Amino acid sequence: MWEKLANIDRRWLYALMIFVIALALIKPIGLAIVPSADTQKVYDIVEQLPPGSIVWMGMEFSAGGIPELMPAILSMIRQGWKDGRDLRFVCAGMWQMAGDMAEQAFSTVKAEFPDKEYGVDWVNIGYKPGGEVLLQQYQNSIIETAQGVDFYGNDLNTLPLMKEFTSLKQAKLVAIFCTGTPGEKEYIKHVTSPNNIPLIEAAISVSIPECMPLVQAGQIKGLVAGMKGAAEYEVLVGAPGSATAGMDAQSFSHALIIVFMILGNIGYVLTKNKKQAS
Amino acid sequence: MSIVTGYSFAFWVEILFLVAVIVMIRRARGGMKIPEIYKVAGLEAMDEAIGRCTEMGKPVHFSPGIGDLQNAQTLAAMSILGYVAKQCARYDTDLIATNRNVIVYPLSEEIVKQSFAEVGKLDNFKPDNVRWISDDQFAYATGVTGIMFREKPAANILVGAFWAESLIFAEVGSIAGAIQISGTANTHQIPFFVAACDYCLIGEELYAASAYLSKEPVLLASLVAQDWGKMVGVVLIVVGTVMASVGSNALGTLLSK
Amino acid sequence: MKKELPVAITLILAILYVLANYFTGVAFLDTAKNLLDRWYLIVAAWAVLVGSINLTQIHGRRISGKREGWIFSVWLLICLYGMMFFGIFVAKNASHPGWTFMYNQLIAPMNATVYSTIVFYIGSAAYRAFRVRSPEASVLLVTALIMMLGRVPLGRMLLGGHPALSQMADWILNVPNSAGMRGIQIGACLGGVATALRIALGIERGHLGGTGE
Amino acid sequence: MSESVITVGNWLQAFFTIVLVSAVFKDNPLYRFAEHTYVGLYAGYGVALTYFNYIRQNVTKGLMTDGEWSLLIPIIIGVLIYTRYIKSISWLSRYTICFQLGIGSGYVLAKDFKPFFVDQVRATFLPLWGSGDWWVDVSNWVYVIGTVCSLVYFLFTIQKKGVQGKVSLVGRYTMMVAFGAAFGNTVMARVSLFLGRMQFLLGDWLHLIK
């Protein structure tokens, strides 16, 4: 009997893992999520911007970063647009899928804010080749650097927002969403430190340890740390979404592994005692 | 001509260290007595694992990780491969060596072939057993998974630079019932090897392996120099910490010169 | 020509590379460094077919010997050469829609899926390995438990809203974990440097092999 | 992309996702099919991508347009690797390997020592008293002792007896704490990855979640 607990077929664990994760995604119960100081700072910074401010969004990631970063982007747009705060967003990126990511984010949130209009409330410049050199050039002229067109092929000169926003230096806030290099270090070096623009970031969990020194040094003003941070952000904005559901899945799967570890140890100890007794 | 700012201290200390290695190697060639080296459990088990494969008539699987030749761990893995190949050749056991990098693959083939030749068994060398699987990390992992499932090696030797695929290799190997010996200096992956393998060479033990296995005085001598390096590290830390505690950052400044 | 010259080349390149990285202000060394960095990649790029040739040899022999599963080998070679020729002669660049479809709908998701299967293996490894077998294994077990609980809302819930577990997890990660990893890192660095030196000096030379002589 | 292309793409993704995950339960012919597809496709993809980014660039831009003849040197060194298929001149392939080994070992010698030895040592210079916060002092003691002991653990030429044995035992335990912590900490990142795939299956493919 006890030997069994110490040697449960690993496939039970695997099957249960799929089951609990699917269940948590389909029917999230919303375990209490308490925002950490870093996420709260991101929320406060966005909250304190005067209505109508222009925010630069750097989409520095590819499809693999979606589960952890997309919820943070959605929350930020929602926060910027709710209660007539009317922040305006300009998105671009050094990563090839930057345009697709921005498109995915705005097409999702747009459904909740029918009066928001492309070209007036947001612009998606998309990916442009050139790496970190781009960040320098965007400060001289955005339209020239982007070779005149946005992600969809529209002439940038025809978009009202771009008439007002000609240089990256005019941004009131830079918000970036990163999975690696190029990412925060390039922005700090070329954009936010020289021009004294506040920088906030959402990063995947794996790169958090690397970001922490930059946060401590004040180079990053606020950090949404991985899926956990994204879930906290969703809670702050009052729109629980995939990260909140994801955190339930995280809790469940962690609990499942812990239960198996405990069962294994019970089995191990009892089997050992029995052997010693006999 | 000047040293890049912030690198002077590092440069001179490294030069001292390299000179120490060379001096020790020369003295070893001249017949100096080498102190006894402590037993590294994973290395002691290497022969046992290969022996088990021989008894069971099953192959050994060897992976040098996914790093390229700019990674010192790959270089260390190559010298361990030489030893494993020789043992396999001696006992007529098949050795499946899989690779990810297109430059590391011909190098591994060369080393395996050379080892078979050295023990006079070149005819037993099977070119099909040194394989390039894929340069994509996870395609490589699926390929190794397939080998574990279908060719059922009784020993799984994973030494070199590993990233996230480490746990796939080690768990699939454990499911296949292989004795597993792993080793890496990628600190983020050591925990998974420690948990999932029978033996794990931690960090520097990986580099000590070729010396330990070959018992060649020249290689053992360089371990002696490495020990001096670590002692210097310990002394620096102790002095630097005491100085920091009394409020002086002089040593820290020196190190960042 | 056969052995000594390659060893000499290895040593010269290594020395040049070290000097170019440590010293500044010499135009020749700067040029050399940039050139060598670039050449390293170009050399590897032109050797790229070695992998496909090996796959073709191994799977070709499986097919001609009609070995078990040879039909899979046929399929692998179709995929390999199909993708290669499609890329080079039809798509001609990485922005071709057919090419991006193959990447986004097949290769990238397969990569992500295999990567994600680690979640299962991390679970079964934890179950199997983290037992109170020895004091050492118990230490592993306890720290892993604290970490896993401290990282998710569950840990806070278990303590009735108190953040002790998550604080403990942060401390373990930043102090003992970081200290242990640093000790390993310092030792491994010395080992790596010494290994590189032996290779550069030609003391370890298994790679020179015996073929062709 | 048209609707039908997206649908085909989603079904292909779903198929391969399920099949590749199935291997964790048991090897099966479908997994074997997926494995060979993945390996085959990626090999072809890698060659074509290298062709786009290097081989074609080197020839059309580097050699023909810019007349940068020095490029011939790495090209020839790279191509020499193929001599390994011709027995009489196979020794020439050593030049490719030795070239890569030269730069590779040079890279380790030039780039590893400062960040992984000197900087790590320097970052351990932590004040052991007088910070004003007793908890910070305790943490610094733990940090310094942990680092020193795990370093001592790796001394190869001194037998682990007496004081040295005790010190390296402390080192060994510090490392075990480190491993347990790193292991537990990674679970979250790995679950996130699988969540991504599940969100695809349940959302984009089956439309069970938003």
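Note that the chains take the letters A, B, C and D in the order they are written out, and that residue 1 is the start of every chain.
The rule is simple: contacts are C-beta pairs under 8 Å (C-beta built on N, C-alpha and C of every residue); 3 or more make two chains touch, one makes a residue touch a chain.
Given the structure is predicted, the values throughout are model-derived calculations rather than measurements.
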{"item": "Farthest chain (mean CA position) relative to subunit A", "value": "B"}
{"item": "Chain pair with the most C-beta contacts", "value": "C-D"}
{"item": "Centroid spacing, where centroids are CA-atom means, of subunit A and subunit C in whole angstrom", "value": "26"}
{"item": "Centre-of-Cα separation between subunit D and subunit B, whole angstrom", "value": "15"}
{"item": "Geometric centre distance via CA averages, subunit B-subunit A, whole Å", "value": "38"}
{"item": "For subunit B paired with subunit C, centre-to-centre distance based on mean C-alpha positions, whole Å", "value": "14"}
{"item": "Where subunit C touches two or more other chains at once, by residue number", "value": "21-22, 40, 43-44, 47-48, 50-51, 55, 69, 104, 107, 110, 112, 114-115, 117-122, 124, 126, 128, 130, 140-141, 144-145, 148, 151-152, 181, 184-188, 190, 192-193, 195-197, 199, 207-209, 211"}
{"item": "Multi-partner residues of subunit A (at least 2 other chains)", "value": "10, 14, 64, 228, 250, 253-254, 257"}
{"item": "Residues of subunit D touching at least two other chains", "value": "20-21, 23-24, 32, 34, 38-39, 42-43, 46, 81, 84, 96-97, 100-101, 103-105, 107-109, 112-113, 117, 121, 124, 144, 147-148, 151, 154, 175, 178-180, 182-183, 186-188, 191, 193-194, 196"}
{"item": "Chain contact graph, described as a line, ring, star, complete graph or other shape", "value": "other"}
{"item": "Pairwise chain contacts, counting only pairs that touch as defined", "value": "A-C, A-D, B-C, B-D, C-D"}
{"item": "Residues of subunit B touching subunit D in the complex", "value": "6-7, 9-10, 13-14, 17-18, 34-38, 68-72, 74-75, 103, 106-107, 110, 133-136, 138-139, 142-143, 145-146, 149-150, 187-188, 190-192, 194-195, 202-205, 208, 223-224, 226-227, 229-231, 233-234, 236-238, 240-245, 247, 249, 251-252, 255-256"}
{"item": "Complex contacts: residues of subunit C adjacent to subunit D", "value": "2-3, 6-7, 9-18, 20-22, 35-36, 38-53, 55, 69, 72-73, 75-88, 91, 93-94, 97, 101-107, 109-110, 112-122, 126, 130, 136, 139-148, 151-152, 169, 171-190, 192-193, 195-197, 199-200, 207-209, 211-213"}
{"item": "Residues on subunit C engaged by subunit A in the complex (per definition of touch)", "value": "104, 108, 112, 119-120, 122-124, 126-128, 130-133, 141, 144-145, 148-149, 151-154, 156-157, 161, 163"}
{"item": "Residues on subunit A engaged by subunit D in the complex (per definition of touch)", "value": "11, 14-15, 18, 21-22, 25-26, 64, 66-68, 204-206, 226-228, 242, 245-246, 249-250, 253-254, 257"}
{"item": "In the complex, subunit B residues that touch subunit C", "value": "1-4, 7, 11, 14, 17-18, 21-22, 25, 68, 70, 72-73, 75-76, 78-79, 81-82, 102-103, 105-107, 110-111, 113-115, 117-118, 127-128, 131-132, 134-139, 141-142, 150, 164, 167-168, 170-172, 174, 185, 187, 190, 192, 194-196, 202-204, 206-208, 210, 218-219, 222, 225-226, 229-230, 233"}
